[in-house]
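Below, chain A partners chain B and then partners chain C, in two separate complexes.
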Partner chain A sequence: MDRNKGKKSLPALFLLALLFLFPVLYMLFRSVYTAGDGISFLSYYEVLLGRPEYLVRFFRSLGMCLLIAAGQTLISCLAGTAFAKYRFIGDRFWFAVFVLFMILPIQVTLLPNYILLEMLGFLNSWKALIIPAVFSPFGTVWLTFVFRAVPDGSLDAARIDGANQLQLIRYIITPAAKPAVVTLFVLTFTESWNMVEQPMIFLEREQDYPLSVFLAAVSQGDIGIQSVCGLLCLVPVTFFFLYYREELTDGLKDVLWG
Partner chain B sequence: MGMIKMTKKKIWNAGCVVLVLLLLCTVISFHVERLMRIPVEVVRGSQSEEEKAMRLARIPLSCYGEDPSTVFYVEEQEGLFGMELVAHTKEVWPIETAEDMALVPEQLDDDGLPLQIVRWSVYPLEDGDLVVVQEDGESRMLSGVNAEQLQELKKQLPGMAVCLFVLLAFMALGTWNLFHLQSRAYKRGLAGAVIILACLGILWAGLWTLEIPREYLPPEYILDVKGYVNW
Partner chain C sequence: MKKRNNGFLLASPALLGFLVFYFAPFLITCWYSVSFGIGKREFVGLVNYQELFENEMFLLAVKNTCRYMLVTVPVTLGAAVGLSVVLRHVARGVTFLRLSFLYPMIMPIASIVLAVQFFCGDSGFLNRMLTLTGMQGTDWLHTSAAFWILCILYFWRFIGYYVLIYFAKLQMIPGEYYEYAALYGAGEWQKFRFITWPLLIPAVLFTLVLSVMNAFRCYREAFLLGGNYPDDSIYLLQHFMNNNIRNLNYQKISAAAVSILAMLLLVSAAGYAVYRLVKRRRAYG
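And then the complex of A and B:
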């Protein structure tokens, strides 16, 4: 009975999937089809071989986003462990501050960030994008909730075996919450890959813009090149999604349903 | 579980191949752009004292192409890799013409210097084309120096093709080693990455020796087979 019910919903699910995939399919179509010339691969030539600026920006953005994702995951693991497993003066207050900052929209923090980055001399360089993103409170709050579920007994046992604090994080806490840590890495990567407001405000020169912002200025009117660039943008995110599919499912499930 | 691991391995391998191909494209595209820059000869308007006072200048009539009112000028623009020369069009109506020269209103750039107006280019220019100033471009082409250069290059082609084949074989080996990073064979994976980077470095350096005169390349796309056939 249940199986039949599942089969009946298949066409609806298929249509829904098609609806979500439509922009990608359209992009794929427009990357090879232009109204005047018909089927042509000139846009691929232009982006992949004709001019290096697209791919150079792609690799620069990739490097920046990997740095942000790795940095935020590392900081969040350390801070998350502190909030989840240690008691110190004002721990609840500071955690509440983190939660508060997490729920603030990005537009609210842009101005204070700008002033701080100007004081530090980081404006107009990629440090202005990387450093605030690495210390984003989202990861810390996320991992604090996840790490609380790691049994204290296993930590005590490791301590008795002589493990220091960093070894506890490296060998006990992080592996126990691997899906959540991987999920944080992927979500942070995706968020920074799609970053738009920060580069436009913190960077002055168009040459420094990452691919996410540069995409808007790519040969306006040439939809073929824009489509190929769009497809290029999909590559890393699609790779991470497919590669970490299981961890993403488990990680989100752990946090949403415990 | 085994199935998931297998799928992961396939995705990892595909990711590695795509990454290496994109890196290869990046290196090649840099040199394609360099080779495809159109050589131009530029002039600045000449002025007598009287013309200077009247804010007029003389430019060669050859600066005008099919359109009798438009000239191309070269402007330095900041690109991703530093300053690059870009050709732009400008409407400049000649006031009078005499002895292959046209008297035109004085043309200055933002810094108040006379504009570098294109006198000759290998191919017809379009607005926004990347160009390279070659003072003796026309004479090199007409005197056959470029043809000789191409003949020399043709002699080196078999050697270049062999080197390219060896490099690609090594890159394939490097990619194969990179596949093993997924199964935590870190040393092998690292060796693969080093091989790939070394090959890309050699390719990058080697392509600098490739100097094809622009007139022997197609006007728009380096892969334009029709352009080679017509030539």
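And then the complex of A and C:
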């Protein structure tokens, strides 16, 4: 490869990278600086220590999203194995339906969901946000593609050694596809962390709204507090992103070769 | 070794949840879309659909959604191909670059929207700059510029993902191909046209599906930027659906939901046909 050329194009690309990080940098700047008062850390104090409402909401949202991500990952591992490694009645048909519903915009399934949650009496509680999200078809489709690439030989070998169904999944399939499983967890977490439509339709009381929706309405005037909340919102996903960066870069492209 | 019942058992939690929370309710939607009445519903045929396609807001929403996809999807994918080809020539810092390109994808939309509002809003940075240079600023988010802001957001959010996919694919192309081509006097463009591009096509088709899927998700940005009744230029199908769910106008949204599904089926069938065609041509060519 042409080394000189590489060095030449570097600065331009790093400038581009800066552009991609711009909102974060800009928010960091706005959280400590206001035009009139200069630099102050008052908004950090206000959000983190001054009033409990922000942090309470933050931890409740965090718990909810972790629950969704864990549930979805677990169920998708089971179903992904089933679709990738077993034949059963109607498997192709169901898989095709799963794919179709995965592509559909959320609004199409929102009304059916609403009708059903109403019948079950789940509306206006966080059950309405958690349970449908756990059963979203996305994870199953994603993991089926990846699990297909796990060689059958290693499964057969483990079976001969007396491993049962769940052990196969726990010790053979999941470790072999670890990047994809981790990626699914992180993507589901981000997806539910971003939830906007469901809370607005399924929940009536505004004090129940999770952080994502609440943020849009937070004390409209105060830019400092808004920025700190925006940054607070970034904390969990950024943690996952950096902690699992290698699994993510592997996992996101994995699905292509499955 | 593949036993029938085991697979079914493993899939049953997902199948059951899917049936209860997605599929069965969707069948109810289909029924609602062809019926009318409070309490006892009666079959009315395609009247709901007819009304839907005469609804101006629905047509506007369809138009905007199509326009949005036609602008964002090709531009983003094209730029991603370009960027990943350039990235191949970078010697150091590729990991850092890839990560920072990817970061927007997992960034919470609420945070992004905040930054956009600070930047483009009424008293935002952009307007202050314009005032300094003596021009009149406007509330950009409530003019037709909102459409372009939304497009830029999509571009910025998802390009890193597509670059990641293309870059992985590019790295699988043996360097010898390019050396041979150079030996026979091929220029950069010819190398791209006859080596890189043909090998990249399957990945491009794959990302095409992904990007349409992601484009349907843009409602969140549009909603957080403009609210329930945004500027006409970003009134999307999703706004139409959401506003009608609030009014509990079941037959209208049911008809719309089924129509969207039908349109999507048509598009994916066309896409699949193209995919088969490309594959066959490559097999024989």
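Simple rule for what comes next: the second predicted complex is superposed on the first by the 255 of 258 C-alpha atoms of A that agree within 3 Å, B and C clash if a C-alpha of one lies under 4 Å from a C-alpha of the other, contacts with A are read in each partner's own complex, and residues count from 1 in each chain.
In this section, a contact is a pair of C-beta atoms (placed from the backbone, for glycine too) under 8 Å apart; a residue touches a chain by one contact, two chains touch by 3 or more.
What you see is a predicted model; the values in this text were computed from it and never measured.
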Point to revise | Superposed partners chain B and chain C on chain A - clash or fit | key: fit
Review point. So, A:53: does it touch chain B (first), chain C (second), both, or neither?
Key: first
Check your understanding: Regarding the shared-chain residue A:176, is it in contact with chain B (first), chain C (second), both, or neither?
Key -> neither
Check your understanding: Can A:66 be said to touch chain B (first), chain C (second), both, or neither?
Key -> neither
Practice item. Could you tell me if A:32 is touching chain B, chain C, both of them or neither one (first, second, both, neither)? Key: neither
Study note, to complete from the structure: Rounded in steps of 10, the angle in degrees at the Cα centre of chain A between chain B and chain C is 120
Practice item. Tell me which of chain B and chain C touches more residues of chain A. Key: C
Check your understanding: Touching A:158, do we find chain B (first), chain C (second), both, or neither?
Key -> neither
Point to revise | Partner chain in contact with A:123 - chain B first, chain C second, else both or neither | key: neither
Review point. When the two structures are overlaid on chain A, which partner does A:239 contact: first (chain B), second (chain C), both, or neither?
Key: first
**Study point:** Three-chain overlay, closest Cα atoms of chain B and chain C, distance in Å
**Key:** 13
Exercise for review: Under the contact definition given at the top, report the residues of chain A touching chain B in one complex and chain C in the other.
Suggested key: none
Point to revise | chain C-touching residues of chain A, taken from the complex the two chains share | key: 1-3, 5-7, 9-10, 13-14, 16-17, 19-24, 26-27, 30, 75-76, 78-79, 81-83, 85-89, 91, 94, 97-98, 100-116, 131-132, 134-135, 137, 140, 155-156, 159, 165, 169, 186-187, 190, 193-194, 196-197, 200-201, 211-213, 215-216, 223, 226-227, 229-231, 233-234, 237, 240-241, 245, 248-249, 252-253, 256
Exercise for review: Under the touch definition given earlier, write down the residues of chain C that touch chain A in their complex.
Suggested key: 1-11, 13-15, 17-18, 20-26, 28-29, 86-93, 96-104, 106-116, 118-119, 156, 160-161, 164-165, 168-169, 175, 203, 206, 209, 212-213, 216-217, 219-220, 223-224, 237-238, 241-242, 245-246, 250, 253-254, 257, 260-261, 264-265, 268
Point to revise | In the complex, chain A residues that touch chain B | key: 42, 45, 48-53, 55-59, 205, 207, 235, 239, 242-243, 246
Check your understanding: Can you list the chain B residues touching chain A in their complex?
Key -> 4, 8, 11-12, 15, 18, 22-23, 25-26, 28-30, 32-33, 36, 78-81, 221-223
